[in-house]
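Below, chain A partners chain B and then partners chain C, in two separate complexes.
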Partner chain A sequence: MKERIIFGYDPFVIPFTLGVIFILLYLGTGTVRILLSLKREEAINLLSSIFSVKIFKTFKDILFDVLLHIKIFKRNILLGYMHTSIAFGWFMLIFIGHIEVILYTPQRNGVIYYPVFFRYFVMETSQTLRGAFFFFLMDLFLLIVISGVALAIYKRFRSVRLGMKRTTRLKTGDKIALWSLWMIFPLRLLAESFTADISGGSFLTSTINNLLGRFAESTLYMDTIWWAYSCALALFLFALPFSRYMHIPTEILLIFLRNAGIKSTSSRDGFAESEIYSCSSCGICIDACPMSVSGNKSEYTSVYLLRKLRRRRQDSLFMAEQCLMCGKCVELCPVEIDSCRLKLLKKRENFPNKIFDYDYLGKREPVVESRANLEKKSKVLYYAGCMTHLTPQIYRSLFNIMDRAKIEYSFMDRDGSICCGRPLILSGGENAAKDLVEANSKIILSSNADILLLSCPICFKVFNENYNLKGVKVMHHSQYINLLIQEEKIKLKKGDFSVVYHDPCDLGRGSLVYTEPREVISAAAILKESSNLPNESICCGGSLASRRFTQSERDSVTLHSLEKLNVNNPQKLVTSCPLCLKSFAKLNKRETLDIAQLVENQMI
Partner chain B sequence: MEGDVLIIGGGPAGMETASRISDFKRNVILVEKERELGGHILKWDRLFPDGILASDITNELKASLGNTKVILGSYLASIEKRDDYHFVAQLSSGEIIRCSSVVLATGFKLFPAQKKQEYGYGLYDRVITNEDLETRFKKSEGLGKEAPKRVGFVHCVGSRDEKICNKQCSKLCCITAVKQAIELKQLYPDAEIFCFYMDLRMYGRGYEDLYLEAQSKYGIRFIRGRVSEISQDQSGLVIVKAEDTLASRPLKITLDWVILMAGIISERENDYLTQQLSLQLGEDGFINSLDPIIKTDQTNIPGVFVTGSATGPKTLPEVLSEARSTALTVNEYLNKIKNG
Partner chain C sequence: MVDFGFKLSSSNRIDLDSCDSDLFLKLKAESGTIKQCIACGSCASSCSAANFTGVNFRKTILLIERGKNEEAKELIKGCMLCGKCTLVCPRGINTREIILSINQYYKKERF
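Up next, the complex of A and B:
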């Protein structure tokens, strides 16, 4: 194989070359900006994660997430194939292109456009067929990419077939990038086919060349098609910064930063910027979001919020306030963007900190009603919190269970609670909540308790994450009951009725407590599964996080959640959150009860 | 059994409609699911605004039933419209009834107060409902032998409450609470009585006077603010937490008894009947009239009429007047089909 054009240049390479220079400058500037915004310790963490064994994990993540899209494969095979074929196929085309240049025209090594337009510039020196192996590979990967593009086009019309009920609405930048992306590979195929009789080709390009015959031999057509190919590439590269396809390069940076343990500290800049630009607008979060079942609320889902944040639009705050913060979109996001954290930060940045005054907390002398022997070790301090005070049946059952198990306990907030702080944190008032956290911590630490027992997952999450309670084990009552069963302090008889368990967002996805409640239920009844995996459980609609949801919208979320829960026709619904219990009990036609009630009923 | 009119529900609405239609020499069949005629007021002691005995009203209504055939302890298992002037119903006892028209006087249901768990009904012995209190009055039990020191009434339990899926106003509870508060005060003159309300809807004649009297003569205290939660202390007394929105302050008070004014909700147990007849229900579950002003007792199905609180909360005088007008409408309808 040898060069066909002496200087290795033709004017048609200009659009593509300009595009590449533009995008490299753009990406370089962006990367430097994000890196400069890192704090000192974050930068050190980043460096140490690059120069250590962690780098292998980073490379693995890049291979699995950016090129092979393993997570999307798990959702839907066709959707996964679509993403992999385009990403991995295209990568291989570029990679093999470079190998060809290095092997056959080493003097052109480093020329930006050469690997991409290699077939235009070389000719096969017949007989030898030295390039045949690579030609075959190139044709193969081109075919794979084109099959992916065909799927992508099909998906635009019938997204359901690829496992998606809804897809994202596109902006102008996205459309230009999308259309040029669709054009690139068919044009490449044509261009390489037109030159296949000169430069050589394989099963795809040569065949097309033969079929087109004389038509393909005309230099005029040949030049035109190579120009079109270069222009399509240029159009894509110029549209890239204004389109969702920025996720392709940004995700690599994101993986580096994330593996260095960096988290967002602002809703838009620094690490957040790399998250926002890494969103591929795939729309998986739209189907995942419980808001989508309620009228026009799907326009507030994470993908659209990230888009607003990216454009620095003010209404992103309004959208952040809509969210129920159930965390399902974060759980399912193939890029693992922590959009809930960004929403929280957005709310925090706009929180009116100055208007709140918690001076009265200091004046209060809380009385801890004690039934525990103060000298005795392993004391349990129970905190009901506001939600459990609204569902007194839950703590009644729990106290009956503890009495039966002969556990001594104190009731921290029998006569009124100081809020755990999470509702304030969820609305952005993390600083304001510090006063509440401090007041509660004082009571808990002075009680000498070993276990802080909670019934409300909302409290459970905040006591775990925002409190510093040295030496105190924070437990949810589902965990504690499970412990009592294991220690054989209580005995249950297994009922002959079937039960489905709803994972409360803050207990399941929020605190990763999945197994204990299920073990408890399995001991008390026949456990049936819902149509969702535990970590994909749907919000009950009661969430404290949203400031914008009307009651009827909440009800439609509740009904949607119930429909999924009751799919296997269980006799009862059991949950372990007072808020979920309240939301479900009023709309569920089946008996709805807390896990403590179930256990109390089945105790022997 | 055959008849001109089948009336479903033997409360005041059903009884009054039955007696007025039988005045027109029509053949009326009245079906009541309980063993006794009277409906909700059977459990009631005295009625607002003047304190007339509920049993007097029931007896009077029963006495004027005329030739009406009354079937007690049965409910409709199914009903079907065969053609324009012909309905076939089957009772739970298996009996078949053929008739030319149907009147639904199915009434309402009191909101099950245990659904509002934060108020502790069913959990705490000293939290009762308006209906429980009337039953106690009827048995002359009052609130027990020991005179209570403090009693609270909680208005709007399960009505005007979106969170529990009942948006509508139950209309009767404001004045019922005032009436019951006065009765309690008469029974226990030393007791302090509190009413926790959102706003008081004293729209009927004499209601406002009763409300003023409750304050001036009986010293009943009205606190504007919804109760957030009710708990129990060790001695069994109830602790009410609320907000006094006029004083802009949260408040907590320990009471001997709490009476929950359970609101009126639709009788969803009849949904299978309305479905079989293809009647339209409103979002609140009550049956929709053909129009809300002129054809209040007609439904979207010719020959099927509706009367009383099956179309929404109503006071007793309203129910009785409507029952009489329904009797006229049904009679007119029967004349029309007879004359073709």
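Up next, the complex of A and C:
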């Protein structure tokens, strides 16, 4: 292998070289900016995660998420192949390019453009096995990338075939980057084919060179094509910061930061910035989102919100207020962007903290303490919460079950509850909610209970996450009933009817309670699965997180969720959330029950 | 003045043409549901905060319709945003949206 051009330079490399210098500077400043915004302890965590065994996990994550896109593969093989072939194929082209330079033209090590335009600058003197091997690899990966690009083009027109009902709308920057990306690889193929008779090639490039040679003089077009290839690369690199493809470099930074345990503290800057730029606009969250079923609401899905945040648009607040916070988009996002947290932070930054006023909760008047119905000091303290007070059938059933099991309990909020605070937190009022948290904590801790029993997953999540109730075990009634069955304090007869179980967002995805409710139901009836995996269950539409959803929009979400739940034609629908129960019972043509009601009916 | 043993109370009449309807119009433009209230009082009777203090959403809407915005804000500031009122409202009024908007209006940052 010999150099064809003595100085190793040709003017066509200029556009590409400029592009690379631009993007390196851009990424460098961006990374430094994000790193500088880290707090001291976050920076220390980052360093300690880099200089420890954790680094292997980081490398594994980078390999699996950035290059191989394993998570997308799991969703849809074709879609996964599309992402992997482009990302991994391109990476290998660059990587092998560098190896070629190191092996054959070591004097050009470190010349930015050399590995990319290697085939232009070298000339084959003799066939070597080594050369043939690398050329074969290069052609193979080029073929893989081109097949991915072909799929990507196909997806733009027929996305359903790749498992996606909707794809993301593109902005100008995205379009320029997209088109140049589509152009890069065919141009590279052509360019390398034109030079294949000089520099050598393999099954792909040599063949095309032969074919072309029949009707075109290769040297005539050679320079033009290499210029075009370099320009396409430059265009892509210059458009990169203004396009969704920023996710390629940013995701690497994101993985480093995330593995150091860093979380976002602002909706736009610092760590959040790396999350926002890591969104590949893959659009998986659009199909996942229950908002998409209601008219034009798919505009408010996470991908578009991230885009607005990226552009620092004020209407991102309005979009954040639409979200039902069901968490499904976060669950399915292949980049694991915690967009719900960003929405919360956005709302928090705009919350009218000063105006809400909870002084009445015991600060001035001791009225609250006496309201707690702690007539007897028992081990189990039941808190119904606001929602369960609207569905008293749930706690009535639960009390019957506990009576049968001879459990002593006291009812903390029989005469009305102080809200658990989660609806307020979901609206951005984390600070305001502190008063509610404090008031409730006081009552709970003064009761000396071992178990705080809840019926509402919304409360369950907040008592677990935002309260500091040392020594008190927080349980949802589905868990508690399961415990009673296991301890044989109650006995159930298995009914001969079929039921489907709906996982409430805050209990399933939110608190990872999936098995206990299913065990309880299996003991009481024939459990049928819905068309969704448990962690992909669809919001009932009642969510208190959305401030903007109107009643009719909520209804369309409910109907959509019901449709998915009822695919296997179950006789009844069981859920374990008072809000889900209320939403579903209104529109479901089948019987809708809470898990406590089901158990009460099947008790012997 | 002769003391008759009683006084004339001052007029409580509200002139709807000259009252401050700024907030009401903004709320109406924002979600529209506010004008559907039939003052049934379901929201107030189910209210969590009303167990402890005077929060009353029905009355809040009434006050805003009459331009008594300050009073409305004072009345609703103890709301815990629990959402019971949204669920019981027979007219499907987006109560929490309205409550937050009132507060945001007074925060004067954005509407």
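Just so it is clear, the second predicted complex is superposed on the first by the 578 of 604 C-alpha atoms of A that agree within 3 Å, B and C clash if a C-alpha of one lies under 4 Å from a C-alpha of the other, contacts with A are read in each partner's own complex, and residues count from 1 in each chain.
Convention: a contact is a pair of C-beta atoms (placed from the backbone, for glycine too) under 8 Å apart; a residue touches a chain by one contact, two chains touch by 3 or more.
Since the model is a prediction, treat every value here as computed from it, not as a measurement.
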{"item": "Clash-or-fit label for the pair chain B, chain C on chain A", "value": "clash"}
{"item": "Touching partner for A:Tyr358 - first (chain B), second (chain C), both, neither", "value": "second"}
{"item": "Which of chain B and chain C A:Gly416 touches, first, second, both or neither", "value": "both"}
{"item": "Which of chain B and chain C A:Lys582 touches, first, second, both or neither", "value": "both"}
{"item": "Chain B versus chain C as contact partner of A:Gly429, first or second or both or neither", "value": "second"}
{"item": "Touching partner for A:Glu299 - first (chain B), second (chain C), both, neither", "value": "neither"}
{"item": "First (chain B), second (chain C), both or neither touched by A:Gln551", "value": "both"}
{"item": "Which of chain B and chain C A:Gln393 touches, first, second, both or neither", "value": "first"}
{"item": "Contacts of A:Asp269 with chain B and chain C, given as first, second, both or neither", "value": "neither"}
{"item": "Winner by number of chain A residues touched, once chain B and chain C are compared", "value": "C"}
{"item": "Location of chain B clashes with chain C - one stretch out of 39-47, 183-191 or 237-245", "value": "237-245"}
{"item": "Those residues of chain A which chain B touches in one complex and chain C touches in the other", "value": "389-390, 415-416, 551-552, 582"}
{"item": "In the complex with chain C, residue positions of chain A that touch it", "value": "314, 317, 350, 352, 354-358, 360-361, 367-368, 371, 386-387, 389-390, 415-419, 421, 423-424, 427, 429, 436, 542, 544, 547-552, 579, 582"}
{"item": "Interfacial residue positions of chain A with respect to chain B in the complex", "value": "389-393, 396, 414-416, 551-552, 555, 582, 585-587"}
{"item": "Residue ranges of chain C touching chain A (in the complex, touch as defined)", "value": "31, 33, 46, 48-49, 51-53, 73, 77-84, 86-88, 92, 94, 96-97, 100, 103-104, 106-107, 109-110"}
{"item": "Parts of chain B lying in touch with chain A, wherever the complex brings them together", "value": "115, 117-118, 120, 123, 162-165, 228-229, 231-232, 239, 241, 252"}
